[in-house]
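Presented sequentially are two complexes of chain A, the first with chain B as partner and the second with chain C.
Entry: the complex of A and B
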């Protein structure tokens, strides 16, 4: 049963970000704006960095603006000019990633100008970019999204949006897996991870994978086998999940870019849920100096320790 | 002097990651007090439980361990003040992840053993060894290590068809 999602907000948001970007660039407040431009394929969009006020009129926001642009501000993307302030357009999921990066001292809040995007949802990775946004074609993360209006942005267009309503796909899948026996879960993940070709697109696109050298690339000592064989794949995905737990903002970019359709965000969502339960932590809009796994309380649960 | 050793069909390999200040000293005490504990355990000494990376556990299983023991100072006794508190959170999360992947958690034991608790070390090691022995060898990681990326089936109809065309 698919329901249409009200997409009337997109044109209003597009108009608002165009004028805001033009104002910022013309006044010299920022040196660049990271946003979306139309791409060649009909209806599609691509991330772009614009530096002149003339280009601001080309900026768009549409259901095809799936990318989390926060990744362009991390250490891993040194090519983005660091001179002066930079404006970035961000959906609320992207804003959580920005908050996480600020919390981890990868960004200074004063160096960025956030243009918040009221977002009724974006298309899933399998949907055609020109497809109509319905509860079937919307990305799974959007069905879980509670914040369609970003909070704490420097500028947010005054547009009201109605969030997509539908049953959460992640919750259903996590419940399905949790009901299985460990052996069944193992064979499920074994099959999923066996598909992995180790292209590291998940790492490349993740705003939080900003390490100069990934532990999985080191070969002395080699913690993770680098060839795309099942043993190394399993280790890579487990280490990826544990390194992101307590940090992941839930933008689901890893899952979107995976060419082999491995349900990577399922692991992230499961860990987020566990950390919420154990330490009452949730990724939010407010930068936090310490995450749940680099802080502690003396009264933490230790029932599993003998 | 020594009690008669029981013969077993399967001797599990247990890797113990221990902190040098408490559990290593506790195991040392067990030894100097001439307490008997299973020789299945291979002790690896770390500065602190906070130094023990979840990747080490994975690596241990991949290299053929049947069980893993992680042991350090009691909360509040850490030589580095808070290393074991951090480790406690990290392993609580890691356990949940392994459980979700489908790893049998009864093969992984966490414990606090102080430098004075030689007896507790013997008890922890004996319990884990007996438990893992009854579970049998850890097959999952071993099988995974032997698998190749492709299915290994070289006589599929599709391949046969292509072969016939050649």
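Entry: the complex of A and C
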């Protein structure tokens, strides 16, 4: 059953981020603010990097502000200057990515000014930007969100928001896949990966896919088949799932942007569960230098080595 | 130079009363497709596959879903996402190279093609026959009959009317269907190929009467003048606009891959030293490695230069070479861009600048 989500908070949040961004830019505290601007299509929004206090009056926060803007602070986005202090608007889910990037020495906390966004939820990838936010049209990640008020931001508008309530779609889907036989599960993923056209939208929006040279782009020698065919597609998505284990903070951008509707975040959520179970570790709001898959301890379980 | 209306002039059959028209009921359209499938013709139509609406081969007519624009365009009917172009095997010093025989491509009927997708087919014809005749493309093209379908709905990403097309354009279609209010379709015969198909299955068509057609959609794009766009592009290879857009662009290939007209491809050898295949697959100007030379030099080394190429190719280079625009206004790139880049808004902005 579809329930409306209370979106009255968006206008208050919008007003607060406008004045904060204007203050920061006018006072020279930051050189740029990464936020959202309205776009041409009804209800739509797009990421923007603004540098003048005048432009701050155009910033918005709405259910169409789906992007995790942390990607613009990574070295993969060479067009965005990384010198000086930059402000970024961030939902709770985006703040985990910022913490991860700080933990991996990709960002200095002192170089960023975080404007936290109290968030009642954003639209899913299949919803039209002008769609009404309901428990049907809300992004799956929002139904699992426990932190609608960002923690640890430099500034968070004092706006109360009610989180969307509904059954977790990921938990249900993971349970369904776990109940399958390995052969059934293999056929599920084989079918999903066969849809991949290797547009790399998943990689390009991921805050943690900042490798200077992606393994998929290596051609001397070729490490992974680059053509959109079963072998290379499978290799690519498995490499990515493993490489993100313990790092992926669940922003679900990969899944949102996939033009072929591959449920990529299911892989990431499953891996996150495994890491929680095996190492009692999760990618959270605290910057952590090393996750379990890139550290070595004498007491690590060796029993799988035969 | 071309005006927005010029594309209509290349229609195979002029839009006047001499154009033959028939009617076909929904049931008979399905019967036609089932008959074609049972006699070995490959029928490609919009159908849901693993949750996504795509043009693809159907097993029977019940699979067809004409409710909306498929996620990817119909270009892959002629220009697949990936195809083998040769195979090789090495035994000792003996190397055997195996060619792909285009004669094995099946006779095909492509049905339910929206005007923005059908119009892209002649756009691709020009490229694949320009300095080299692409045997793979041409053989598929020769063997395919295109049944277009007029649009009765549009969203705010649709902008075909801004690039010289319309929801009732039959450009690129051999037969063109228009939904009737009473059910079924009016069927315009737009080419000899279309005429042959109707003649071979005449029992399924009826003479056209005065049944009313469902009104066509009325997309409302902004104020775009392609002539003005082109003349601005002619003089703004260097411009801060390219940096502005590229700051937002994350450099994926989604826009090019859903585009009905983008046609860049890459060729790679995959396999082992002993045996393997040479494959041709879609490439995209958004990628960092697009046009990377073997020397290590890349003339489009930064995202602004790559995004500039996307706009220049569509609204200037292709026009310079072939006298029309490499964009049919389907709006797919607008709907799927991960960061909301809106080509219609960009082109409108350029149009206002000149």
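Everything below uses one rule, namely that the second predicted complex is superposed on the first by the 293 of 306 C-alpha atoms of A that agree within 3 Å, B and C clash if a C-alpha of one lies under 4 Å from a C-alpha of the other, contacts with A are read in each partner's own complex, and residues count from 1 in each chain.
Quick note on the criterion: a residue touches a chain if its C-beta (ideal position, glycine included) is under 8 Å from a C-beta of that chain, and two chains touch if they have at least 3 such contacts.
What you see is a predicted model, and the numbers here were worked out from it, not measured in a lab.
Participant: Would you mind checking whether chain B and chain C clash or fit side by side on chain A after the superposition?
Facilitator: clash
Participant: Where does A:278 make contact in the superposed view: on chain B (first), on chain C (second), on both, or on neither?
Facilitator: A:278 contacts chain B only, not chain C.
Participant: Based on the superposed arrangement, let me know which partner A:190 touches: chain B (first), chain C (second), both, or neither?
Facilitator: In the superposed model, A:190 contacts chain B only, not chain C.
Participant: Looking at the overlay, what does A:302 touch: chain B (first), chain C (second), both, or neither?
Facilitator: A:302: touches chain B, not chain C.
Participant: Check whether A:238 is in contact with chain B, with chain C, with both or with neither, and answer first, second, both or neither.
Facilitator: First partner only.
Participant: Applying the touch criterion given at the start, work out whether A:228 contacts chain B, chain C, both or neither, answering first, second, both or neither.
Facilitator: A:228 sits against chain B and chain C alike.
Participant: Mind working out whether A:261 is in touch with chain B, chain C, both or neither, as first, second, both or neither?
Facilitator: Touch status of A:261: second partner only.
Participant: Look at A:204 in the shared chain and tell me whether it touches chain B only, chain C only, both, or neither; answer first, second, both or neither.
Facilitator: Only chain C is touched by A:204; chain B is not.
Participant: Based on the superposed arrangement, let me know which partner A:39 touches: chain B (first), chain C (second), both, or neither?
Facilitator: second
Participant: Quick one: is A:269 in contact with chain B, with chain C, with both, or with neither? Answer first, second, both or neither.
Facilitator: Neither partner.
Participant: In the superposed view, which residues of chain A touch chain B and also chain C?
Facilitator: Common interface on chain A, chain B vs chain C: 194, 228-229.
Participant: Which chain B residues qualify as touching chain A in the complex?
Facilitator: 53-55, 58-59, 62, 75-76, 82, 85-86, 88-104, 109-112, 124, 140-141, 144-145, 147-149
Participant: Flag every residue of chain A that touches chain C in the complex, lowest number first.
Facilitator: 39-42, 44-49, 67, 71, 76-80, 128, 191-192, 194-195, 197-201, 203-205, 217, 219, 222, 225-229, 232, 253, 256-257, 259-261
Participant: If we count contacts the way the header does, which residues on chain C are in touch with chain A in the complex?
Facilitator: Residues 49-52, 71-72, 81-82, 155-157, 222, 243, 246-248, 250-254, 256-258, 266, 268, 270, 279, 281-282, 284, 287-289, 302-304, 334, 336, 338-342, 344-345.
Participant: Could you please specify the touching residues of chain A with respect to chain B in the complex?
Facilitator: So the residues of chain A touching chain B come out as 177-178, 180, 182-190, 194, 215, 223-224, 228-231, 234-235, 238-239, 241-242, 245-246, 267, 270-271, 274-275, 278-279, 292-298, 300-302, 304-306.
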